[in-house]
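Heads up, the next two complexes both have chain A, just with different partners, chain B and then chain C.
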Partner chain A sequence: MMLRLLSAEFLKIRKKLLWLLVALGPVGVVGLQAVNFGLRYDYLTKQYARDLWGGLITNVSLLALPAMFIGLAIVASMSAGIEHQTNAWKMTLALPISKRQAFGAKFLLNVLLLFVSCTLLVPFTLALGWALGFAAPIPAGELLRAAYYPFLACMPFVALQSWLSVTFANQALPLTVGIIGMIAAMFGSRFPDWMPWKWPLLVNAWHEPLYSVGLGLLLGAAVFLIGMLEFARKDVK
Partner chain B sequence: MLRMFRSEWLKIRRSVMWLLIAVSPLIALAFGLFGFKQEGSFPWIEALSLLSALHAMLFLPLLTGIYAALLCRYEHAGGGWKMMLALPVSRTQVYFVKFAVLMLLLAATQLLLLAALLAVGWANGISSPVPWRTIFASLGGGWIACLPLAALQLFASVAFQSFAAPLAVNVICTLPNMLVVNSARVGPYYPWAQPMLAMLPREDYGFGAFNLSLETLTIVVLGSFCVFFAAGWTYFAKRSV
Partner chain C sequence: MANPTWILETRELTKRLGGKPVVNEVNLAIGRGEIYGFLGPNGAGKTTTIRMLLGLAKPTKGSVHIFGHDIRKERIQILRKVGSLVEYPSYYGHLSATENLEAVRRLLGVPKSRIGEVLSIVRLTKEADRAVKGYSLGMKQRLGIATALLGSPELLVLDEPTNGLDPAGIQEIRELIKSLPGSHGVTILISSHLLSEVEQMATRVGIIAKGSLIYQDGIQMLRERAKSRIRFGVSDPEAAWRLLLSHGYQADWDRRQLSVDRTDDRTVAAIVAQLVRQDHQVYRVEEETASLERIFLEMTGTEGSL
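After this line comes the complex of A and B, so read on.
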């Protein structure tokens, strides 16, 4: 059932700008770092002389984090916008599916799109590293962690943005919340550990990134459930 | 013309717009109230730098996009463009009025930031006289530096029906700010970095009362403004609605 719902969702976003954005996010982040490393090659390679790959990955994730935060808000808004723009919520919900399933499918779609985006970060970063001529031992584990841990830790925000975007017909509100979230995430390291905006940075008192990931998944599930129940009770236009 | 302003006013009155205008100044206010420590000999300038850094680097450019998209929202929803252009108004008028309202909204944001700055100064009991000239150069300069962004965002908002698409354009251009503002070579030429560069008070160089040099102001800000505005205007004049 869920699979068929998802394929319907994918049909709705076929040949839409959404896909371009999903690809553009990682391309932009790595491209900017390419410019950064290109312009300041000597300075940066000296600074990271001991661990060139690590320096590159750190720099990429530094930009990838705000890009991911605002990107997930835009993706959620665009995928919900398909129904808002054509006033099609009634139509969608008139199908033989429950409202919970409709909400779940939207959420899952956003998660998958963000997953694609984060996955693309890996080959692009590798390509940049090779293009800069960094030597062989690629820290595969570190690279994969840098790509997927923040993705998992920001699940509360994917759930929140999906919920807000579906709830409000006026997308200005969810998008502003997204912008505020992005800026809060940029200052995440100054927050206490319990703040969700800090989790995607993977820094905590125990120096164990998996705690942040676990917290993110738990709160993400909670926000998703609350959103789903609220959406199921709400009347649609 | 005045009537068109009134019709725009009717559309944005009692909308979420007013909530959004307050967002950035309120966050700047919170930053100022909790983060500001009176140390140096120029407390007002320091407070201004603190408040305007975040506001100008990300909020101002991004909110420009949100305002522009909101201004076109009524027309995109439910065939409002057709309705509006069926009235005895020219497309040029419509476009100019939209742009003027957008700039007025940005001016309102800047004024609220001024209020936040004064509140921070008052709460911290800054005793030295308010350096109005510097403050107005910063706020006014930031406002003028938003001209090209506003022009491009209005273009994108008119072109895309979706609310998020123009914002995506905006974000793609604004995020590089985080790197660009640190670069002395690229910074002066990147339109999206100009609000930030214009708002941060600097003593050493600048043209007249502005924090930007004359070349940057004319070539980058006004030049890109003319290009973006002309592009959006001709697009709007020719497109079928």
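After this line comes the complex of A and C, so read on.
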């Protein structure tokens, strides 16, 4: 059933520029770093002389984080907006599907789209590194961790934005929350460890990124469950 | 348990919004194969009732049984056999009609061939590959009906399917709906705020006003209430009225017109003869039929009269 719901979701986002947005995020992030490294090539290669790839990955991650926060808010808002536009909820939820699964499908769609975005960061970063003439070996582990750890630590926000976007027909509120999240994430390193906005930075007192990832997954699951139950409980507009 | 003769049955169905009952103890009963006209003025509680029938809204009190099963307990199994169109049609404007139906088809799990079938039933085959946002309201409405038919439902719930359509569009939807029970064997619940719209197709009607069901019976019973009267245009109606009363006729005089209940030709002739004999000038003898619409208005407008 979940697969059927997801295939319907993917059909519905056709011609909606959502895929373009998914690609545009990583293109923009890596593109800006291309400008950064292009303009300050000598300065930056001297600064990161010991680990050129590491320097590039750190810089890409730095930009990718706020992009991910605002991107996931927009993706969640657009995928929910498809239903809000003509209030298709009353049509979809009068079909023989459970409300929980309908909510789950929207959440999963957002997760998958964000996953594609984060995955695209890998080849784009590689391409930029090669173009800049960085030598092998490529730190594959570091690159993959930089792409997927923040994505996993971000789950509470994916769940929150999915929930807010399907709950409110007016997308101003979820988008505002998304923008505030983005700003908060930029100052994440100053927050105490328990603040979820800090987790995608993967910085904590134990110097173990997986703790941040684990916390993100746990809170993400909790927010998703609360959102799903609330969505199933309330009347359809 | 639910009565097996009814395909849809509600018991004391009530919905309160902010303490105020929007739907109040409604007992609907719809038999298999019927076209049930669910009537009421705007804001009477039709859509709220229909939302509860489909499990979109939860009743404050009371129950809904469809095919003998409780909607709260077996919602998904019930909805497999129900097609619906609630209020205005919902669609994905950026997609074509075919893609819209495909999105729903994937959830229903019916064969792909159904899409072509329902498109031809609502006569949208030629326009099927255009983006729906460019459709006229009538076409969107037809797409909504096609979506409702996609799962080959046994019960079709159509909430104001002709709302906002021009007379030609209304006629077209009406013909379409009338053709369904015969050719597809479905039971139809159709709501409307116009009696004239459903009286030609409904076999039974329920009338709701201010949240309460005030009438539920065959359309024939409603027609019988629409008794016609014989009206007399005379020179001195008040004197004529007294005259008729004194001769034992049940005449009515409401200070505007003089009338009697519809009766046979011989009695009418006798009344006219009586009036002429007493030197009344008779200008007109007319038969006046109260329209169903007027009865409907009387019922819904002044709830207390019933």
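As a convention for this text, the second predicted complex is superposed on the first by the 237 of 237 C-alpha atoms of A that agree within 3 Å, B and C clash if a C-alpha of one lies under 4 Å from a C-alpha of the other, contacts with A are read in each partner's own complex, and residues count from 1 in each chain.
As a convention for this text, a contact is a pair of C-beta atoms (placed from the backbone, for glycine too) under 8 Å apart; a residue touches a chain by one contact, two chains touch by 3 or more.
Note that the structure is a prediction, hence the values are computed from the model and not measured.
When both complexes are overlaid on chain A, the residue A:S61 reaches neither chain B nor chain C.
Of the two partner chains placed around the shared chain by superposition, neither chain B nor chain C is touched by A:S162. By the touch criterion defined above, A:S77 lies against chain B but remains apart from chain C after alignment on the C-alpha atoms of chain A. When both complexes are overlaid on chain A, the residue A:S117 reaches neither chain B nor chain C.
In the superposed model, A:Q85 makes contact with both chain B and chain C.
Of the two partner chains placed by the overlay, only chain B lies in contact with A:N36; chain C stays clear of it. By the touch criterion defined above, A:R4 reaches chain C but does not reach chain B. In the superposition on chain A, A:I179 makes contact with chain B only, not with chain C. By the document's definition of touching, of the two partners only chain C reaches A:S98; chain B does not. Overlap of the chain B and chain C contact sets on chain A: residues 85.
Within the complex formed with chain B, the residues of chain A that make contact are 17, 21, 24, 28, 32, 35-36, 39, 63, 66-67, 70-71, 74, 77-78, 81, 85, 170-173, 175-176, 179-180, 182-183. Within the complex formed with chain A, the chain C residues making contact are 51, 54-58, 76-80, 82, 84, 86-95, 99, 102-104, 106-109, 147, 151.
On chain A, the positions that touch chain C within their shared complex are 4-5, 7-8, 11-12, 14-16, 82, 85-98, 235-236. Put simply, chain B touches chain A in their complex at residues 15-17, 20, 23, 27, 54, 58-59, 62-63, 66, 69-70, 73, 76-77, 160-165, 167-168, 171-172, 175-176, 178-179, 183, 185.
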